[in-house]
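Two complexes, one shared chain (chain A), two partners (chain B, chain C).
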Partner chain A sequence: MSVRPIIGTAFACAFALAFAPRHALAQDARLYKRLDPQTAAAVAALVDSASTIGLPSEPLVQKALEGQSKGASGDAIVRAVRALIRDLSTARDALGNDVGVDALLLAAAALDAGATPTQLERLRPHRSRESFAGGLAGLVYLLSRGVPAEQSLDLIAAMLNARLSAAEFASLQRLVERDMMAGTPPAEAVAVRARALIRHNRSGGLGERVRP
Partner chain B sequence: MRYAAVAAAACALAAAVPPPHAAAQGRVPSGWPDDPGTSRSGAFDQLLAQDPRLVLRPMAAVLGDGTHEQRLNVRASWPAADTAPDFALHLLFGLAAGGAVYTRSGLSVDMAHRLGPTRLTGRATFATGFGEGPKQVVSFALGSGLPATRLEVRTTWLQGGSIRSIRMPGQDALPLPGADEGYDGRYTDGELSALRRLGLVSLRLTAGQRFGGETRGTRQWLFGEADIPVWRQLGIVLAGGVRPERADLAQPAGRFAQIGLRMDIRSSRKEPDAVPPPDARPAASAVVPIEPGVYLVRLHVPGAYRVELKGDVTDWDVIAMRRSEQAPDVWEATFHKPAGVYHVNIRVDGGEWVVPPGLLAVPDRFGGAVGVLDFPSMQEVNDAA
Partner chain C sequence: MSELDPRLEPWLATLRKEPSARPEARARLAAALREEDARAARRIPSPPAALAAAIAVVALTGAFWLAFERWNTPERAGAVVELASAQFVLHARDARSVSVVGDFNDWDPRATPLTRTGDGVWSAVVRLRPGTVRYAYLVDGTEWRADPHAVTSHEEFGRPTSIAYIVPPEGP
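Right after this comes the complex of A and B.
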């Protein structure tokens, strides 16, 4: 028996290991360490297939670990990862391939919270703004507080148009929560506070640093 | 009087016709940046499409001469915003009893424009009434102010009716010259008010001067008002001091002490929450960037003995947060992670895993919710600074 094929195979394996993404190897380790073998294998297969279509793999692994830490069954974990892949893919189709991972995750959360892909597409022109992820976080917040999707999209598009900064998007939630604790309905509190933020921004507030 | 009524109608008409830039606003409330692709509709349509707010204010007062008065003021406002909007419509109803029995109803239109740090406001009011007060009232007010102070000049025209009992409470229908023809008059007031909040309590101090028009009693006044929230939309309003004669309200001048209620009724749609509400305890969270890739997470959890955290910042392993040395109710944890969006839950004193207070809550796809933690990049931190 010739040793040449064995040496060749060994070199190939070493080459593959050397150039494989380190996090990919770590993912597998984390999955197999925390999940039962069957679930880990199913999730790993999903992660691999997601990677081949260019979706980020770390959020998928984290979703599986989250399910395990919350006592979810193997089936529930696989379903959650599969649903996340679907939403990430839909979000990328709606917003474009050049959207960052954070924005993609928040867009997927928006879809899960009730936004439709068509509605999400309306924010596509704003995707190059630095505060885009902040805007999507604001959208998720509005949806989660029961503000209708159309109104939420209008508000967020207006705020992105006004070049609000990520910090100002974050302050929207704080202000609205405070208003709601005082008895103001969410939709009203959001409309008033968002308009005030836009005004503040126009009168020299924080604003977004515009990319050249 | 006729000119005043025409001017009031013109103001209302001007407010009803949307400005050109409003054409593209559609569902976006008045004053928003243009959002192309939406339909044209009138400002009134947009205004009335919003939820109204109804404020009832029953009150009772003791006056300086020992007499009593009771009042009920009702105001329905569109929109229902707490903060003054750029354009608002109010329907008014007032009932006064005691020294003078007077019922009035009317409408009022508010317009505002921000100019630098100040806010310019205008208000036109038209009311009709019967009883011991004017039959018709038109009032214009112009104001300006910073958030905590406000200066307003208000001119009021009165026509018809009698204001004898306002000026001479306790005396029955003493004949006055010209009383049969009714009362026509005008007065102009200037008022400076300051607002201060102490916790949930709002304190307002108002000082004023009557510049023109006939009046009985003082031409200068100073009174204070405290609005104390009691429960959600119910508050107690205490007021006292020296007030001016307001014939349009059938209000005599002089010292007074007043107690009243404020009932703030709003129409609200209750839609099911997409996720469980965040922890309602009064607490807050903060992310403090220490250096690039190192973040300190601080949570304000009053009365906790132990706070644990898990999330994708810990690969969903449970870690115990440490109590802050500076503040006993603040719990901290340091994370070495790149800037980005992360998801976390916390557990207080071994209870349920919940969304940390103050964080955006999103569904976790396992039937619960998870908090979104944003570690800002240093560039975002610098921009915010």
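Right after this comes the complex of A and C.
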């Protein structure tokens, strides 16, 4: 038996290990530890293909782990990961290739909550703003409270245009929740509070930090 | 094969004749050749030894990268990640245990238990990276609940998932 193929194979494996994406290695370990081998392999293949088109892989791994934790079947997990790839891809097409992971995730959530890709595209000019993800979080909130998508987009675009901070977007949610508890309809509360925040910001006011 | 130079023909018989040498010199030459063969054999590992060496190379490379991955956190790599404190609170009067499960703990139900702080109030403070957080509460290890204070909640895998956005700390 010749030793040259053995040594050659070993160096090929070592080379592959050395230059393989380290995050992918770690993620695969989590998948194979928590999922059955068939589901883990299917999810890993989806994660790899998503990575090759530049989509973030961590949210996909987390989606699979969420499914496992919630007792979902392997098929359901693979379907959910595939659906998330589709939503992230649609969100990226709508907002541009240079948006961050948080913004992509929130945009995908906005699509899930009823916004259309065409509507999301209206926020594209604001994507370089520091508070862009905060604005998208505000959009998801408005949609989840039943505010019509067109009105939500108009308000969030106006707030981004007025350079509101992420903290101010968060305070919008808190203020609207308070108004709703007092009986104000969500759409009305949002309109009033958003205009007030924009006015306050133009007059030089600072946003406040809030926590979830 | 090329033809022999005609000028060498007179020397052909001499050239083909085995060189004469003393028996001691021949023995020394044979011993030297045997030693060289033995040295060459020692330099080439046996197949089991080569296999063991190959496995060791692959295992050491893999172990190195896994160790590096654990060691090389963004903070250590120089990225400034300012963590924010997030308080998770759930009112569950009759619960025996509550945990928060989400993206920040790989959806591990055992990773972040809440402690009972008052009259049916359970809470935990978690240091998180700013950004989007997806999570849910798990009551008594079986009942999934959305966070009533979250930005939004929806069903994932037939159970609730909440979304929160952790605001990045503002600069000085």
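By definition in this document, the second predicted complex is superposed on the first by the 200 of 212 C-alpha atoms of A that agree within 3 Å, B and C clash if a C-alpha of one lies under 4 Å from a C-alpha of the other, contacts with A are read in each partner's own complex, and residues count from 1 in each chain.
As a working rule, a contact is a pair of C-beta atoms (placed from the backbone, for glycine too) under 8 Å apart; a residue touches a chain by one contact, two chains touch by 3 or more.
Since this is a predicted model, take the numbers as computed values, not measurements.
Undergrad: After aligning the two structures on chain A, examine chain B and chain C and state clash or fit.
TA: In the superposition, chain B runs into chain C.
Undergrad: Quick one: classify A:158 as touching chain B (first), chain C (second), both or neither.
TA: first
Undergrad: Using the superposition on chain A described above, determine whether A:150 touches chain B (first), chain C (second), both, or neither.
TA: First partner only, chain B.
Undergrad: Is A:76 contacted by the first partner chain B, the second partner chain C, both or neither?
TA: After superposition on chain A, A:76 lies in contact with both partners, chain B and chain C.
Undergrad: Does the superposition put A:185 against chain B (first), chain C (second), both, or neither?
TA: Once the two structures are laid over each other on A, A:185 reaches chain B alone.
Undergrad: First (chain B), second (chain C), both or neither: which does A:65 touch?
TA: Touch status of A:65: both partners.
Undergrad: Once the complexes are superposed, what residues of chain A are shared between the chain B interface and the chain C interface?
TA: Residues common to the chain A contacts of chain C and of chain B are 30, 59, 62, 65-70, 72, 76, 80, 101-102, 105-106, 109, 112-113, 133-134, 137, 140-141, 143-144, 165-167, 170, 173, 209, listed in rising order.
Undergrad: Within the complex, which stretch of chain A touches chain C?
TA: Going by the criterion above, the answer is residues 1-3, 6-7, 9-11, 13-14, 17-18, 20, 22-23, 25-26, 29-30, 59, 62, 65-72, 76-77, 80, 101-102, 105-106, 109, 112-113, 133-134, 137, 140-141, 143-144, 165-167, 170, 173, 209-212.
Undergrad: For chain A, which residues are in contact with chain B within the complex?
TA: 30, 59, 62-63, 65-70, 72, 76, 79-80, 83-84, 101-102, 105-106, 109, 112-114, 130, 133-134, 137, 140-141, 143-146, 150-151, 154-155, 157-158, 161-162, 165-167, 170, 173-174, 177, 179, 181-185, 187-188, 191-192, 195-196, 198-199, 203, 206, 208-209
Undergrad: List the residues on chain B that touch chain A in their complex, please.
TA: 26-29, 31-35, 38, 50-51, 79-83, 85, 114, 116-117, 229, 232-233, 264, 266, 268-269, 271-275, 278, 280, 284, 310-312, 315-318, 340-341, 343, 353, 358, 360-366, 368, 370, 372, 374, 376, 379-380, 383-384
Undergrad: Can you list the chain C residues touching chain A in their complex?
TA: Spelled out, the residues of chain C in touch with chain A are 44-47, 50-51, 53-55, 57-58, 61-62, 65-66, 68-69, 84-87, 101, 103, 106-109, 131-134, 144, 147, 149-154, 156-159, 161, 163-170.
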